[in-house]
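Chain nomenclature is as follows: A, B, C and D, assigned in order of appearance, with residue numbering initiated at 1 for each chain independently.
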Amino acid sequence: MDFPFISTILLTPILAILLLFFIPPTSKKAIKLVAAIAMLISFLLTIYVYINYDSSAGGMQFVEKIPWISDLGVSYAVGIDGISLPMLFLTDIIGLASVFSSWNINKRPKEFFILLLLLIAGVTGTFIALDLFIFLLFYELVVIPIYIMVIVWGSTKRVSKEYAGMKLTIYLLIGSAFMLVGIVALYLQAFPPGMRTFDIATLSSAHLYGTLSIQFQIIVFFLMLLGFGTLISMFPFHTWSPDGYAGAPTAVSMIHAGVLKKIGGYGLIRLGLLILPAGAKFWAPLIIILGLANVIYAAYVAIVQKDLKYVVGYSSVSHMGYVLLGFAALNTISLSGAVANMVAHGIMSALFFAMIGYVYEKTHMRSVDQLHGLAHQMPKIATGFMLAGMSSVGLPGLIGFIPEYTIFVGLFAQYPILAIIAVSGIVFTAIYILRVLQKVLFGPRDSSFDRYDDAKGAELVPLFLLGTILILFGLFPQLLMAPINSGISPLGPFLERLSAAPSLLFTLGGI
Amino acid sequence: MTIGITHFLIISAALFCIGLYGILIKRNLFSILMCIELMLNAVNINLVAFNHFLPTPNLSGQLMVLFSITVAAAEVAVGLALIFRVYRDFQTVNIDKLNSMKG
Amino acid sequence: MEHFALTNTWLIPLLPAIAFVLIGLFFKRWAAISAFIAVLASAVSFILSTFAAFAVLNSGISVDAPFIQRVTWAEIAGLHFEMGALIDPLSVMMLFVVSLVSLLVQIYSIGYMQGNKSFGRFFAYLSLFSASMLGLNIAINFVQMYIFWELVGLCSYLLIGFYYQRIAAREAAKKAFITTRIGDFGLLIGILLLQTVFGTVDFLELKQILPLYIASYGTSTLTVIGILLFIGPIGKSGQFPLHVWLPDAMEGPAPVSALIHAATMVVAGVYLVARAYFLFASVPALLELIAWVGAFTAFFGASIALSQREIKRILAYSTISQLGYMMLALGVGSLTASLFHLFTHAFFKSLLFLCAGAVMHAMSEEADIFKMGGLRKKIPLVFAAMTVGVLAISGIPPFAGFFSKDEILSAALSVSTPMYLLATLTAFMTAFYMSRLLFVVFFGEETKAKLHNISYFMQVPLVILAILSFGSGLWGYICDFGYWIRFGAPLEEHMNLSIAILSTLLPLLAFALTWNIYVRKRWSADYIANKLGILYTVSFHKYYIDEFYALLCRIFIDGIGKIMYFIDIYIIDGIVNAVSGLVLFLSILLGKLQTGQTQRYAAAFFCGVVILLLCGILYFNTISGIVAGGGAL
Amino acid sequence: MNNDLNPALFYFLAAVMLLSALAIVYCRNLVYSALFMVVCFLSIAGLYAMISADFLAAVQIMVYAGTIVILIVLCIMITRRTTMERTNMPEKKYILRASVLAGLLFFLLAYIFVNSEVLPTTNNIIALSGDTVSGLADLLLGHYMLAFEIAAVLLLAAMIGAVVLAKGADEK
């Protein structure tokens, strides 16, 4: 067998955690270095995998499989395809960036980095798992470190950090409880005893054998929608997201908004659509409506926000609306757009949160009313803000444009009128992003900010890393779209069959 | 009537209930610990009795008692240390006064 | 060399882009190096553009048979993004104008921005703008055009807000971006509709598909698409009702106003309509709409310009008005006239802006024309250049504006008399406000202020542009611009003499009026303003459109936003918190059971045991059932 | 080996065991309670000896009657008050409820045991060959080897734990 790249990517942070246990809490430098090196190794390996992934061949590559609990049909199986590869890349780049953006953590750094690495490993695991059991295992692993990190290292503004942490955790756990019920039902229903398996690929073929009745698919997909929908902050289950990000420390906001949320979209595609196509077809109109609500409603709410983190929080809710729309339009173009948009939004929101984190760390202010003219004192941070803001607006040449455009094209084919409403989101996005940025960054120089430095040294790593990707994927979108296409385009015939099938119960009548 | 397993079971039940009664009414940690020992012994009697009266070819039941005694010894050691510690920290061994866990 | 330029037109936008990267990343701190790199890149671009233009002229490439290079940019199943270069007379003309004006403006900026601490940043932005604008010019499909369209919007945003320490500049930049974004919203939907309906956004392919499509499906969808697409140019080219950003955009440095908000970016809308003319022309209703929007905007802009006091604002409204002319020309079906006007306007309007910049530079950034006066002796070169510009824009023969405006007027007359009258009236107003500007600034009482020097870097571009403003119209006319650009035969082979005479006399009349009002002071300007009463007030306050939009924004953006936020935290979160409150309440109730007394737990536990045993005995009725497990050994 | 047990001996031992257990509960002096515990454990040892558990009887005497009770007495002495009188008073308000609960439990259990049909009778007892010590040793070092080792570790851990707890880890 070849070198187990995927497992190494997963295990490097975990090994680093073990190593961290033996480093005394006082040697802060060493702790940060270990974390950074571990993430760097993971990141480099991910790049290697990204480059060596054969987009023209597509399918699952770098697969590793070790039987684990054979009685239950569980095996440790990891691998990547065109959908999970960009997600894996996203996880590792944001993981690396988040380690550096936490460089100035001085309160219990050892515990912080252990939890951070655990979080990253958990997220990585969910994206590479080919086994539903492993997926769930990592998925549940993720919630706990987040809770502790918010409670201990978070910040209190409009809502207390305890409230924020609790809200975030409870929301996600309740969502995942529904999902768990659905998955167990699926496991029991899909195959007769003895043949039962948690293997995602095998489960994806179950609907072909007719063991999953349409009613069953509808119910189970609904349960999954509750779980994954909460995670992707689908309206009206979105309120955890702004509050949670506002309370969380920078690194958690980055990972949460950047990657964790995307498990929702990823899960909807990988588990929802592929395993339960009839369920997806049935609920798609509802998802479209809710996705639209996300886009417009959250954008409106973002317009009146004063706290930077709330603006970005609601903005991420709004952007996730596009992902939901892309998913629910159920064609290859829109799905590609949805996956790409997850990556795009991940990078830009992570950059946003990193920059907000720096500003807050230095000035202890986050309110649009208090901050102004920061471009004078912090030109580099201002550059980061502008990059993130502009790609959030969907400016061509940055990462945000192509995914959004692709989603719109896919959506237009299905629901032209609704698509127009969705496109109007670009105007609202411009309004709230520019209002905030111009207020915070530009304007007369305020000498009371003169004592705050610009970002320097290790702090620049996230800006450089994420900014590079932002521009690189913006100028050369094929780098991003090629693997995604290899993952989505084989679904073409499947999706065509699905859309040719009669609509179930309620439809939007092609508007 | 010959002495059968029922007799042993009944006296062990009685011992158990005495121990339980003691636990419920006592407030001194030492007496509670002692009553717990009584209950443990009641269980041990059961094990030995079944080992004797069941048509078993080996001494597994007795061996379980041996382990049970081992665990009991460990428990007493730790329990006493705990009581000792509590006494030093709170200057009392009255369980009613140790209610900082009250919800 | 010509062949090289033709086959490597992608270099034209790329060079300034490289300059942008170099300056932005490495040489921002060194003013001289930044300026050198930027100017060098622009100069090479200009040379390449010129050669490409010659190549087009010599090789028989026409609008119907363009030279196209394309490369796949991104590709997924069912969707294909292409980038490339479409070279035809139209794009070559734009390349030439844009690269020339941006080269001149960059040279001018060396003098204008001297000593500014953000000198490098300015040149980086200018280079980025040139790259984007040139990229827009060679776009082969709507998506590529949209991409560069957005990028020039970004540059405009960055450059308007270049003096970001000024709150007015920052607000103007935001306003520009958001207003044009509303236009882009329409444009994007139009493009998406094209993609959905036709499956392609490529200009050439669309052009081939379109007649067939119309034959089988009619023009109703096409009308919708056309209107949506036209919203983009309305935003970008400052047409009514999305013109509000353009006057505010004058907060940017003067070279920016000259380059972006006069000569190049704002004509992108015109260019887009021209590029997609096959689409618009296939639906007559669309053309009519465009014509009326153009005609009204031309009149509207001019009517506001009459009463403004700030030098650059007057020019901005004049730009709006002139862009209206170009749209009008497109609407009445004379692509040639429109582009001819675009061509001449680029030179004289950038000349005017650069002169205005020079004046302001000399006057230490004073903008109010009534605080200037008698400058003609102090800065004679600027005065001369400005005069050429004013004559050109007013349409005095043989200056450039005369020829292009004349063609528009005769084209308008051939379609609709009301439009022609509106356009002629606008021409009169144009001459009025331009001469007012000229006379107030350069004649009359001399200002006491000490003037700054105007460096050679600023003077040279003025001279070149003045020559172009004088000659480009005549040159175009003599060389038969319409034939040269090859959009078929020009509409008017010979000049319509009556139109020409009328459009010469009217500006002269306007000159006479302003001369008497502002120089001779025969009639008091205030008196006239009072006499006009409400008309003057409305014009001075720009028809209160800004105020109206601010109100709309407060109601429909902030108002609804606040309501939504209220819903979010009090209704949605209210439900969530209510549920959690209920759980908390229950948990407090249950928590009372946790007395902390271990014995109580033990008692509860054994109560449970007793109850279970009782249940077992009563339920099974036979004891054997209970102990069966234990006794079965 | 005689399969029939001596009823007199059984009833005597049972009576002593239960009475001393009650005495543990009812003595007002904690030290007396502890001493009655010795009696109780000794009688339990006697019962073990009756039903072929001679080794366990010895262990019972050594570990329980010897070591544990002594430990308890020691600890009582260390934490003692001025007088040991009234150190082992029952909480009056719980007596009724506790006795009802304990009594009910006893009667239910007794009811089940008496009426049970599946309990083994004395008739089918298989006489064990050899002495119990070697039998236990075989099991302990054979089949239950791992459990034995774990028990050893448990005792060690308990010992260390007890020492640390009693000594106080954070005291200099």
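Simple rule for what comes next: contacts are C-beta pairs under 8 Å (C-beta built on N, C-alpha and C of every residue); 3 or more make two chains touch, one makes a residue touch a chain.
These figures come from a predicted structure and were not determined experimentally.
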Pair joined by more contacting C-beta pairs (B-D or A-C): B-D
Distance between the centres, which are taken as Cα means, of chain D and chain A, whole angstrom: 60
Cα-centroid distance, chain B relative to chain D, in whole angstrom: 6
Distance between chain centroids, defined by C-alpha means - chain A, chain B (Å): 55
Where chain A and chain C are represented by their mean Cα positions, the distance between them in whole Å: 35
Chain B, residues touching no fewer than two other chains: 20, 24, 54, 56, 96
Chain C: positions in contact with at least two other chains: 599, 603, 606
Sites on chain D at which at least two other chains make contact: 94, 97-98, 101, 105, 109, 116, 119-120
Interchain contacts, given as pairs of chains that touch: A-C, B-C, B-D, C-D
Complex interface listing, chain C residues touching chain D: 599, 603, 606-607, 609-610, 613-614, 617, 622-624, 626-628, 630-632
Residues of chain C that touch chain B when the two form their complex: 591-599, 602-603, 606, 633
Residue ranges of chain D touching chain C (in the complex, touch as defined): 94, 97-98, 101, 104-105, 108-109, 111-112, 115-120
Parts of chain A lying in touch with chain C, wherever the complex brings them together: 167, 170, 236, 239, 297, 300-305, 331-333, 336, 373, 375-376, 390, 393, 395-397, 401-402, 405-406, 408-409, 412-413, 416, 419-420, 423-424, 426-427, 430-431, 434-435, 438, 441-445, 477-478, 481-482, 484-485, 488-489, 492
Residue numbers on chain C that touch chain A, as the complex places them: 72-79, 81, 143, 146-148, 150-151, 154, 161, 164-167, 169-171, 173-174, 177-178, 181-182, 184-185, 188-189, 192-193, 195-196, 557-558, 560-562, 564-565, 568-569, 572-573, 576, 580
